[in-house]
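Before we start, here is the structure in question, set down as structure tokens.
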Amino acid sequence: MKIHIKNGRLIDPASGTDAREDLYIDLGEVAAVGRAPEGFAPDRIIDAAGLVVCPGLIDLSARLREPGFEYKATLESEMQAAAAGGVTSLVCPPDTDPPLDEPGLVEMLKFRARSLNFVNVYPLGALTAGLAGERLTEMAVLSDAGCIGFSQADAPIPDTQVLWRAMQYASTFGFPVWLRPQDGFLAREGVAHDGVVATRLGLPGIPSFAETIALSTILHLARATGTRLHLCRLSTAEAVAMVRRAKDEGLAVTCDVGVHHVHLSDMDIGYFDSHSHLVPPLRSQRDRDALRAGLADGTIDAICSDHAPVDEDMKLMPFSESEAGATGLELLLPLTLKWAMEARVPLARALAAVTSGPAGILKLDAGTVRPGNPADLCVFDPEAQVRITAQSLRSQGKNTPFLGYELPGQVRYTLASGQVVYEA
Amino acid sequence: MKLPDAEALCEALIAQLRGHVTPDTGIVGIVTGGVWLAERLHRALGVSTELGVLDPSFYRDDFDQVGLHHDIKASQIPFEVAGRRVLLVDDVLYTGRTVRGAMNELFDHGRPACIELAVLVDRGGRELPVAAQYVGARFEVPPGKVLVLDRDALGRLSLTVSDKRRERKAQT
Amino acid sequence: MMARNPQLNDKGTLQHLLTVEGLPREILIHILDTAASFISVAERDVKKVPLLRGKSVFNLFFEPSTRTRTTFEIAAKRLSADVINLNIATSSSTKGETLLDTVDNLSAMHADMFVVRHAASGAAHLIAQHVGAQAHVINAGDGRHAHPTQGLLDSYTIRHYKRDFTRLSVAVVGDLLHSRVARSLVHALTTLGTPDVRAIGPKTLLPTAMEQLGVRVYHDMRAGLRDCDVVMMLRLQNERMKGALLPSAQEFFKSYGLTPEKLALAKPDAIVMHPGPMNRGVEIDSAVADGKQAVILPQVSFGIAVRMAVMSILAGN
């Protein structure tokens, strides 16, 4: 299908483009930017006047809940949510049921995703069998099946020797290892950031050093093993500082932050609102400000949604008993735009955090608009305000602290491999 | 409207009660105006039984509409109610609901031999079959208005008409 | 996200009692004053008043407790309410109905008031948000968060013996980390104007950032007790020894137990309180528990009056 997108403001952070440029799409790829190819007769013309045209968003963490958690969400609903959010590629963590530690599971997931034909799904394989932190998985076989890296999701490996060996083994083949720094013992039973809010509310706390002690261990092991390391969902000011120092010393490490943590702090728990029960926990305002500073100065390479649809019944429970997580695929763009407005960050710079930044981490030739690349595009209205409601969200997860809020940015079209997979 | 002199009414009430009250009558004043009045009667009539004070807030019938009062005084009945002749005293008798509540509370203290009611003013407007045996004066007050008994720093009583309920004053 | 205080209704009056924190001083004083008028009711032969006649009070206890539930039951009955007790096991194996399903079923039976005790902080808030203006919720203890009627009855006791909060030094000793009683008392005391509230305990048993609640922290009990007017001893539970928080009850008693010798450091007329039940020889020496400075027994009758006050104020709002 030949598509002509005209009159749009093309923002492509990877190439530094921010200009009024038309786009021409053919055979699922970007055929040309600016001037139509010879004899181009479009089957469809999209008028993007007043709209931004950018690469489709790349979300570094979105739980699709298949296999195993279909009562919470399914591939269909969540991939539709991704398309509605302008997300054309997403990474899914291995904490499915069963965990993604066998090639058959990975192949099935990729097959299901492909047949739904919406967005690209890049699975992370389990670093240890069953995510149990004891035995290594068959990383080479899993990589062949399609895993783009290996992770423990939210299940830290308590045995540091096993962690060391796992990183060494992955490093042997150059496989990236994605780890969320958390010391399981220090975080045991905690549900909120250990500070005055948790004290007032009587909630068991997770101290900041539960993250930084684990981070220190992981960084040392990365230096020792030469592993390609990606740190997931930083939440503390101290962790940002540690990563900044590590990068300054030349360590090849990347990191991301969850989009809810860019905005919220433990104060947003309010009167025990379990929609603010997240992992890692929402921390102090000082921590949040440090995360924003880390995004601004490039210490933090990407923003992800950390999409985790949760059955509403599991949120209608006392805070510490509720299931943690927030729906995020459809909030990634609006919340990134909101951050950009508040922090006075140029739009291109903000979009880099969800396009070229993640692409760089994944080492994919994606997240950019270039002739010859698949036409994965997001066309959105940066001026429109959208009210977030249970009805407006396509995800089966309606669990977000931003329910009822008006947020900037409305996705009008999403194209994946040159096909319009979402239209407002 | 012209109101009678409360002090004069008080004297009139004392005159009516003389001869009908004995040393072991239990006089009980209903807060707040009824207590001021009861103190006067108690002194003037030479009753030896200690004076009782009743705040019938817990026995009101309008709890569901107006809730609990602020500033509730604890009721104190320092004598045995069972078998006693009781004289209930209030400043103004109007709908009769306060007196009904006061009687209910009194019965939770014991079964009196009889209860009589003395009021400074009966303003009519009864909503229950309640009557006072001893009345200082009978006159009407326009509905919606409140008839209030005040006591000044020297202890002198006076009557006024106002638009709203009096804030409960501290008992002196 | 909630902006408005969930304890207040549209008219700004108290719809639920979930925590002392955030309640204006006037409301606390109103509750204490109303409780005073209920004390005399307890001294009569007929200990009832008809305020809550025709109303149903449901005691929803997800955590077992005989004494607290009994005082709420007595308080409700003295207000002439109908009382129904529900003890719901919380073992994870019996997780059939959710918390809110249970509440919905009871609301269908026209409950006017729920008295809720639960092991998880925030449970009473969740129920209150759910029932809204349809019923009143009283928090009888949620996790380590709050036990507001206990905080109020402790304040009532202190006022009874000491009159003026604005001149007092009050020490709360022991396991504040896990104590909802301590949190509620601290909030009540600071709201009522107590200038010197002290928390005394080992670092393992004091919550993070405790000072930000308006409390001075002491690890040395002798220093902390000096010239205090009120000493509140908290109960130490056996589980604390297992969680690497304390080595033994004996060591705790050595450093943080209240003995006559340590009590002598407080003012000569200082009162000793304990929310009960006491562990003699762990928090408190028998000599002190049975001594003349201990006011532990009167706390019980004050508790009934305070709960009567809370129930009648809520029911009338």
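In this document, chain identifiers A, B and C correspond to the written order of the chains, with residue numbering beginning at 1 in each.
Criterion: a contact is a pair of C-beta atoms (placed from the backbone, for glycine too) under 8 Å apart; a residue touches a chain by one contact, two chains touch by 3 or more.
Only a predicted model underlies this, so the values are computations on that prediction, with no experimental measurement involved.
Think of the whole protein's Cα atoms as having one middle point; the chain whose own Cα middle lies nearest to it is C. Most remote from chain B, judged by the distance between CA-atom centroids, is A. Chain centres here are Cα averages; for chain B and chain C they lie 39 Å apart. Per-chain Cα centroids separate chain A from chain C by 44 Å.
Centre-to-centre spacing of chain A and chain B amounts to 75 Å, using the average Cα coordinate of each chain. Chain A makes touch with chain C in their complex at residues 194-196, 198-203, 205, 207, 268, 270-273, 275-276, 313, 316-321, 401, 404.
Residues of chain B that touch chain C in their complex: 55, 57-59, 63-64, 66-68, 70-76, 104-105, 108-110.
Within the complex formed with chain A, the residues of chain C that make contact are 1-3, 6, 21, 98-100, 118, 120-123, 125-126, 129-130, 142-146, 180, 183, 207-210, 212-213.
Of all the residues in chain C, the ones that touch chain B in their complex are 13, 30, 33-34, 36-37, 39-41, 44-46, 48-51, 312-313, 315-317.
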